[in-house]
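Both complexes below contain chain A, partnered by chain B and then by chain C.
Let's turn to the complex of A and B:
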């Protein structure tokens, strides 16, 4: 992962300077978690009204993890894609398409819980596969490819449902959704199910990236694709796999989305790709590929969620909220840049 | 390296100071209501109320006007403080906005939902936790809300139809319809109402109908095609003012604007709204599609201060604005 980092000449620095440097290095290494601590502390101090802390309230905290979980799940897939120096702009459209598909399959095609889940995830996998195939076999930049599939997925979703949302109502009769599906919108002893899914997927992909050969290959390709190729890695296969994973995770987020909103709307998920990229970037993953972690991405998603929540609780003007969010993203990326430049 | 550090520092200071100052200014205004709240029960001093307004999106001028009218109406009552949230057309964001308002324990919630189904649960959550809820324009499912206030699209369509039937007289004429967004309820209702309105005059014919998705630029393209295809067009019925205005531009480009009358809907009291277009002679008539902003604040006062029970459903009437009354209507709805 860090062939260049290993050669950073720390040797001929004088000891005093080295000390300052190593502290700074430490700070930058954990910049994302520090950022999270800063916003959490800020929110805990500011969101107090009439002596009641609106922020540090279990219900509010549960609301936050619930609201970040969709973006978080997508951002996990986005992290993998960005690690191989790619980008996936189709994730939001896949979410809209799969949410619509899930609603339609259950409400109009009378499919059960399991088969709906499988078909929808396969649909996400298919679009991911399409992204991967075109990127690798036709060697077109992923930005362009996924821009195109974003349009395609959105168009298919709108065509499928005639441009309007499909409401989901639960029941055992035909043309009603299986009640099991509503599980995705429930809370287990106060913890929202989407948040549990997010946490589980984070752990899985943390392990995949850190401890499997696949994970090492992902880092290797992102660090130096040619070197990876020369050392015998099947670069194309790994890349296609990564895009498929991203598609499946987006589809899973689509399922959660549909359950949360009791509706599959083809217009939903607009702009979600940008939120996911923001979470990845704030989490310290380099958009040039090869450097980054799932842990950083989770923290990045949480920073965005806490920030949204805090600014909302403080009733900050919505337009200013966008400005503040933009500034935070720049600050995070500047931090990250100063790290990778050395 | 040194440079980057400087930059870093600068950006962080900027972000921090900005968010702090923002927080500070909103906190002070909260404090005034906060300190008065406990003493509000005493006689003599009026109790202060915090109202949360959750708007579906502020991309549509009509919704901006709704927020403006709520703000203007609330300014009449110093004891009311309204805080606004904009969901930017995102159902998930609007759910989070309402959850935030519940956390803040607002005294009353006004919501104009982005879509019915996804917002139903969270509106019910607010209502069940004891917060009175006023729903504007788009409905939610069930009856877990205090009051619904909305316009009547079918009535508006009908009045527009009757106006056209009367204007064209016994000779009748050709009407083209520039519709809204396919599948949207207002589009269906504005269409159905219009058909009902013109039914009294069998010589009025709709010779073409196309969607322009409520957009002015799209309406221009749609109208250009219609002008090409139809030699004689007497009336354009736009499902909203931008559609009618777009059609006017296309007709003007073809030098045919003098032969055609343009009818719109919405009648916003803004410089680019339909009322101005009527005053300036581009549109023959527009129909106010009321936002209910003012009515919502009046209901809020009834609920919070007078402790009155309010009607479950309030359907607002429209106003037909022609060149005779457009200026007066413009002023009535707060146009400047």
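Let's turn to the complex of A and C:
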């Protein structure tokens, strides 16, 4: 009896508070998607010139999706790395290197579409493997290791091409790229191929993280590596695999990049690692590891893409765009923190 | 009141939440004496010293320093009043020089406000000389051995003119020679009028050093006695003082054939925080609960770590499971050989706080719950339900975050995880630490049930009543060595404590 009496007033006391709290909870839970809605609404209202909505123009939307795709594909790999409490700074350099490699292999080494694809993806896998091996076997922080491989990959790319971009022209003769490669720059019923690749990869890695054993291992290692190790998980092997995946996805983004621009430039992809990390962080993944989703990362990449596009359409100064982006990232992470403090 | 009384603590009471750590404790300290503070783990020694050190504030009670009432809110204030604590883990900056460490944040300065290094080194040399430490004060602290670092800490205390120095298990990391040197320094300090409060579990040190001994038990003041007027037995009785409660249910023991044998296991750690093991030999039978009693840092946890394949390159010796010699080189192989390890540090080594109860439970068995690469949720859910019911885990559902559970329920999740692997040998390291009495009793029942099913269980515990109440046989560890073996019937708290605090406990005579 007394116990009941004690609990009843407690429930009565703050039904309103509870409501406010649950709304707040709801808002924070879907904070990233709400952020996306806000940015999209803002963009559609603001970007109207002479009665024409520049933002909602189908061509513009397709452009956004295409530009988001490269960053998004890298950000998927980055999500996995950050989930195991790591970081990969080499992704942008891998993109530059693989774009250069793809162009060179097709234009100068006369390789076909398939073999180019395989070699370039293997190159990405190799750098990822290198990252993973050094991080695990020599137990050096991934920040430092990937900072080093970033420099190495960038250096190799520049050395390879003599520091200049290699233009890609298509044709069946020797020293011309196989026309099949241009598929990555095309559209299928109006949707750009890079976007299709991004969507497919998103679905695949959503499933991998949510429904496979590997996904469980990734979350467990990020949440508590020692507990994972003591539960018999081969922690090092999983970590190396994660870095390899990140490397391969970056290489894939490099191929798309080369096809989009019809050239492989060793200087491309500079700063892409920061865009990818920003997308992951805005998407709610904890940099401490163990918490985060692919869905969040996709939303994060879209927010960044829409924002970029909007600021461009509004003719905001390029340099100021960077300032705005920085502020958005801080705001997103602050919101994130208030959630985890709950 | 004696006039050379330098410190008085009266009626000190402190609670943490619902737990009363100290209740009406008193302590007085004379000038120039060594007062030993004794009690089991959890008796309230550290809390009392943290209060004196200003690190925590009292709920009730008063402290008088030389007759003047003290109100302190930080260790810094305590230092200013002449009370310094030498921590168990030394708090020096390894990269800075000895002198810089001694005068950290109080560096002598010249007129321009820059550090007067010449003066600093000269003064440091004086202190080091007084402590008979022949080292150059210019060299970084990291070059010193632990014993020397401890002396630097003491020099630091002297440099602030400390009247009272608190030493918490100062010899735990020292070699015998280093400890001897420390004792010489302590005697010298005493002569110069410094008072020392000395916390140690080692009886020989207490008898060699202390003038008087204050005993605490379960947060209560028991007595203060003169060292010359007491003996070992009396002290231990005062420290232990409890009788076995009915917390420990009786077990129908059906002990079977040998399931584990460890021969000449040695471990030489690289990590300074780990204890080495020397020549451990033990055996465990089916259905038997083997208790391990020993203080923190006695090597008991390291024994489990070695058995569980966590130090494959640093440990030597032979392990036989069901009479077959096995090589265990990783936790994964340990699990495959039928071992399960419930670690002492639930948060740090046991749980994945960011994931659900269910995912935590199935962690070592994911292969069995998946087809090809994909998890099969149905199979898994059944196992989760079974474990939650069997272990009476109280939670809204198996999807709840494990970090939201109480300590007792978290421990049940960890145990549930390991039972899922159907182990032959269960290693329990402090299985009831930090959990309430109700959950404790449930875990004791569970241990009995598992033993009666034929599992071999080794349990480490700092709580002697628990070890005695639950074990069929008890081993004592001290300083990385096995120092004694007792059957349940012959074990008394006095014998165990003696054996766990004396290196040569086996030969020592109790009376």
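By definition in this document, the second predicted complex is superposed on the first by the 326 of 342 C-alpha atoms of A that agree within 3 Å, B and C clash if a C-alpha of one lies under 4 Å from a C-alpha of the other, contacts with A are read in each partner's own complex, and residues count from 1 in each chain.
Criterion: a residue touches a chain if its C-beta (ideal position, glycine included) is under 8 Å from a C-beta of that chain, and two chains touch if they have at least 3 such contacts.
Here the structure is a predicted model, which means the values were calculated and not measured.
Overlay on chain A: chain B and chain C fit together in the combined arrangement.
When the shared chain is aligned, chain B comes close enough to touch A:270, but chain C does not. Touched residues of chain A, counted separately for chain B and chain C, are more numerous for B. In the superposition on chain A, A:223 contacts chain C only, with no contact to chain B.
In the superposition on chain A, contact of A:320 is made with chain B only, not with chain C.
Of the two partner chains placed by superposition, only chain C is touched by A:233; chain B is not.
When the two complexes are overlaid on their common chain A, residue A:290 makes contact with chain C while staying clear of chain B.
Of the two partner chains placed by superposition, only chain C is touched by A:212; chain B is not.
In the superposed model, A:254 lies in contact with neither chain B nor chain C. Least inter-chain distance for chain B and chain C in the combined superposition, rounded to the nearest angstrom, is 18, based on C-alpha atoms. Comparing which residues of chain A touch chain B with which touch chain C, the overlap is empty. Residues 211-214, 216-217, 219-220, 222-224, 226-234, 290-291 of chain A are the ones touching chain C in the complex.
Per the touch definition, chain C reaches chain A in the complex via residues 308, 310, 330-332, 334-336, 341, 343, 348-355, 359, 363-364, 366-367, 370, 373-375, 417.
Chain B makes touch with chain A in their complex at residues 1, 4-5, 7-8, 11-12, 14-15, 18-20, 22-23, 26-27, 30, 34, 37, 58, 83-86, 88-92, 95-97, 99-100, 103-104, 115-118, 120-121, 181-184. Considering their complex, residues 42, 46, 49-50, 54, 57, 59-60, 63, 67, 70, 162-165, 167-168, 257, 260-263, 265, 267-268, 270-271, 308-309, 311-318, 320, 323-324, 327-328, 330-331, 334-335, 337-338, 341-342 of chain A touch chain B.
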